[in-house]
Amino acid sequence: MQFEDLNIDHISEADVVFLAVPHGASMDLVSQLLDLDIKIIDLSADFRIKDPKIYERYYREHTCPELLEEAVYGVPELRREMIKEAKLVANPGCIAVTAILGLAPVIKIVNHDYIIIDAKIGSSAAGETPTQASHHPERNNVVRIYKPTGHRHTAEIEQEVGLIANKPVKVGLTPHAVGMVRGLLVTIYTYFSREIEDKDVWRALRTFYRDEYFIRVVKEKKILHGLPNPKILVGSNFCDIGFSLDGHTNRLIMFSALDNLIKGAAGNAVQNMNLMFGLREEIGLHYASLHP
Amino acid sequence: MQFEDLNIDHISEADVVFLAVPHGASMDLVSQLLDLDIKIIDLSADFRIKDPKIYERYYREHTCPELLEEAVYGVPELRREMIKEAKLVANPGCIAVTAILGLAPVIKIVNHDYIIIDAKIGSSAAGETPTQASHHPERNNVVRIYKPTGHRHTAEIEQEVGLIANKPVKVGLTPHAVGMVRGLLVTIYTYFSREIEDKDVWRALRTFYRDEYFIRVVKEKKILHGLPNPKILVGSNFCDIGFSLDGHTNRLIMFSALDNLIKGAAGNAVQNMNLMFGLREEIGLHYASLHP
Amino acid sequence: MQFEDLNIDHISEADVVFLAVPHGASMDLVSQLLDLDIKIIDLSADFRIKDPKIYERYYREHTCPELLEEAVYGVPELRREMIKEAKLVANPGCIAVTAILGLAPVIKIVNHDYIIIDAKIGSSAAGETPTQASHHPERNNVVRIYKPTGHRHTAEIEQEVGLIANKPVKVGLTPHAVGMVRGLLVTIYTYFSREIEDKDVWRALRTFYRDEYFIRVVKEKKILHGLPNPKILVGSNFCDIGFSLDGHTNRLIMFSALDNLIKGAAGNAVQNMNLMFGLREEIGLHYASLHP
Amino acid sequence: MQFEDLNIDHISEADVVFLAVPHGASMDLVSQLLDLDIKIIDLSADFRIKDPKIYERYYREHTCPELLEEAVYGVPELRREMIKEAKLVANPGCIAVTAILGLAPVIKIVNHDYIIIDAKIGSSAAGETPTQASHHPERNNVVRIYKPTGHRHTAEIEQEVGLIANKPVKVGLTPHAVGMVRGLLVTIYTYFSREIEDKDVWRALRTFYRDEYFIRVVKEKKILHGLPNPKILVGSNFCDIGFSLDGHTNRLIMFSALDNLIKGAAGNAVQNMNLMFGLREEIGLHYASLHP
């Protein structure tokens, strides 16, 4: 895609542009927009990864590496202050933001060598173009492994979680297409070395998310949706987080769920825009979700 | 349930009885049936676990522990010869048989300390009784964690896999209800210590399953259902197994899929019956599955 | 249900009560609430039918017939001015309001002897109580005829449409449960005696619904959802109406779609409340629906 | 498509060819195959309509009208003896065969001027090619009117039902895409002039279908699937037929359900083949359907 394809006359008056272009197309657009003093929220992957070599491994050669440092990875719950000052925000991948929000608070209390992220995701995550995989007779009632290893969001997750852990972290990510349209659940399996208890995890979550409007800790024994469930988040910008400790195998399991089209994409982008313009973060994002 | 509830006149002439009673009810029935020289295929959990203390931990006190040794755990692919001679076969749990068939062939080449089983399962696995959880408005389009830790099938899996490993093995099992009626996929995350390659896993699978009619290794790159997918097993007694190696994190991921009502329950029971009566194993089980 | 079960202390201070009680329970509550000068929006069927004999035929004996005349049948698009003055509004049945909104504008141009209403409805319309019919394995992927003839909403439709036609009208109504949670489409088959053209129907619809905020006429040839489709109304209070003329058989087919939980129930009730209190009709009902 | 595209060497040895080609492609292939003395079961629409002018109205100009008389419309339940002798069988459209099987037995007792066929159909009926309409996020949870009037199967239904009625009959057909993959239900609304009772309809059905293996009359009051439901026919070659009389409006409603890929397509074609070769009609078609 060339920048000329866009209607420059309208854009030059804009305060902000949401770039919803294919991966690889943002790299060529961003510097021109920044020259026009337009703020950018980039929904592609081009400015998410700080290290151009890692970007290249998962995507292609980066043609605009000089802007990588300036770009801010757009998870408001992690770096609100940087987003407020940013001119270029890289909106995160949907699986990445879900996994990061679930894993970040506990990364310091778990073993970094055995972290597994099992993602279950709805059909809307695959985009608007009909394919054999999205053809209803093939897609309905399916549990399809669509990228057993090497999924691109691995890079974002490792980068962001590594920054919090203060050392490199590797994660194994396997996404599965399941029978729904909207929604994403990640089940994050970790092991702990020192003994930990429920209250340690509660404390970690409270510390991390004390004042977060869009993060809810969900952990109830006796109700139907007592752990995070993407079904009851449809239409909302909330990310629900829960956990379970397994003494039998010394594991801490984290659950993180959201609507992949809202908090996993456009809603999170609006949240970023609100911050960039000094607005209250939740403006335009008050919808509470549909149930059932 | 009391044995008197059954029509003893008809049963006393039977060659075989399929006990489809609640967990806990088989214990009281089995010895009476064996006295009548009737073979039993027990679909409850009562005779699956050899150690009555472990049974008690997951279920309740065992009232008939003296028959536990005689009972044969009914996965034909693991102990065909014993089933042929058995009078009492304990048909396995649906998640258990799926996980065991995926994990057993590779248990000797993976690290026993970090084995995670993430199960995705259809609504028919919850049985015939309507509940709030099975109510269509609540159950449709859902990804619901229904037992984050401590699921009962853990005991069966650890017992059977431990026998093959020749030492105790612990596994972490987390089942998720997903949007379909029939079908079960387990994703088994393991780590390896020594380097292994694709051909090592192929060899392990070939060795284990060379002549198995109902096991298919599914691992194709370029087709839609190139890894095990329960959707295309609906109605059949096949169990499809696949894998993926992840050099990035030294992981071997095993995938195992089946129809929970057939190979995960009644079909596997018929397969056991065929063996017990010297019939060809696949009689009555030739249906190839519906697709789409 | 007895009125004593309700917390009278709180209610006595209320301006309005939404009665979401089973059919038959409102009859005993309403007069007591009216005595307290509380406005009532009754979501049960008890005050929808003006003729107590017809009520009795479809439900049971009416114990409070003296209030039937005072009650206003709550379709704002039909009798806005009466609702503004009403103390007791009978919120319509979900199939009834959908059918009435589709049929009312054209009732004067079609043959009254052959009117057929085929309804397709999601699982949420059956209420919150799990039953065998709502059990996910039974309800998923279903097209189930649940009341081939004699459905109770027939009475409401005939009453309201007959008032507009200025003479008794009979309709045949057959609802089918189809594979979705929220949503309701009625396909209304009618015949015309005099020749009519597209523009006649457009004129009838424009005349009837010129200023209606929540009614949209949807009739586009070249787009995917160019006729009313409940899927794209999920979460909104809109009712979409479309039509098709069939010269081959002299038929006019009307289509009417809505979200059965919003415009078919609670949303319509809020719309009534807004009118009863002199508020703008769409307050609290601005949500535009989720898609996909 | 040209006949040269087919592998003539293999075909010339064949006894029978199933032509699963697009509408319009069979016309050019059939005469060449007949010259080779090969029997043909044509799954396209090209030889279903006897009158080339009607074919042209719904499809295109017919290039091989001289074979139209020889072709036999392939509903075994209507013309078994002709199919046994046929060289060219036109396998019916899926909606057409469903509607014909439901309407034919009662056409002589209902008013011919007001016949409405409302069809509800699964996504597999739209074929294998992914489109925007079949894209899972758009197709899931939908009730989409995809051809309000003028659907092509109208011609087949009118032709076959007219033959039985012994005079021209017009029907109005409106198909709706609903939330399932396999399955088709038609609800056929008719009016009666003389009073009729349940036993009259039972007698008509018994007379028509007395010895039919694949037709089942389903009409039970107290069970969940007591009227025809495509869900419980998935995978089978059965067509279930039921009815309901409505004294309120003098209507007889017929219900007819089947699996659109089996009795609505390939299964019916195999049934035709069996007849053409003097085999028992149900050979290869014994599968009893999956439930749930």
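Things worth noting here:
Think of it as A, B, C and D in the order they're written, each chain with its own count starting at 1.
Basically, a contact is a pair of C-beta atoms (placed from the backbone, for glycine too) under 8 Å apart; a residue touches a chain by one contact, two chains touch by 3 or more.
Keep in mind that what you see is a predicted model, and the values were worked out from it rather than measured.
Counting steps between touching chains, the shortest path from subunit A to subunit C takes 1.
Both subunit C and subunit D are touched by A, B. Relative to the C-alpha centre of subunit C, the farthest chain centre belongs to B. Rounded to whole angstrom, the centroid-to-centroid distance between subunit B and subunit D, based on C-alpha atoms, equals 41 Å. If you average the CA atoms of subunit A and of subunit B, the two centres end up 35 Å from each other. Rounded to a whole number, the gap between the C-alpha centres of subunit A and subunit D is 49 angstrom. The set of subunit D residues that touch two or more partner chains comprises 122, 124, 132, 137, 140-141, 181-182, 234, 292. Chain contact summary for the complex, subunit B toward subunit A: residues 114, 116, 118, 120, 122, 132-133, 137-138, 140-145, 148-150, 154, 170-172, 174, 176, 178-183, 185, 187, 189, 191, 224-225, 227-231, 234, 244-246, 248-249, 251, 253, 255, 257, 292.
Touching subunit D in their complex are the following residues of subunit A: 122-124, 128, 130-132, 134-137, 139-141, 181. On subunit C, the positions that touch subunit A within their shared complex are 124, 141, 181-182, 234-235, 287, 290, 292.
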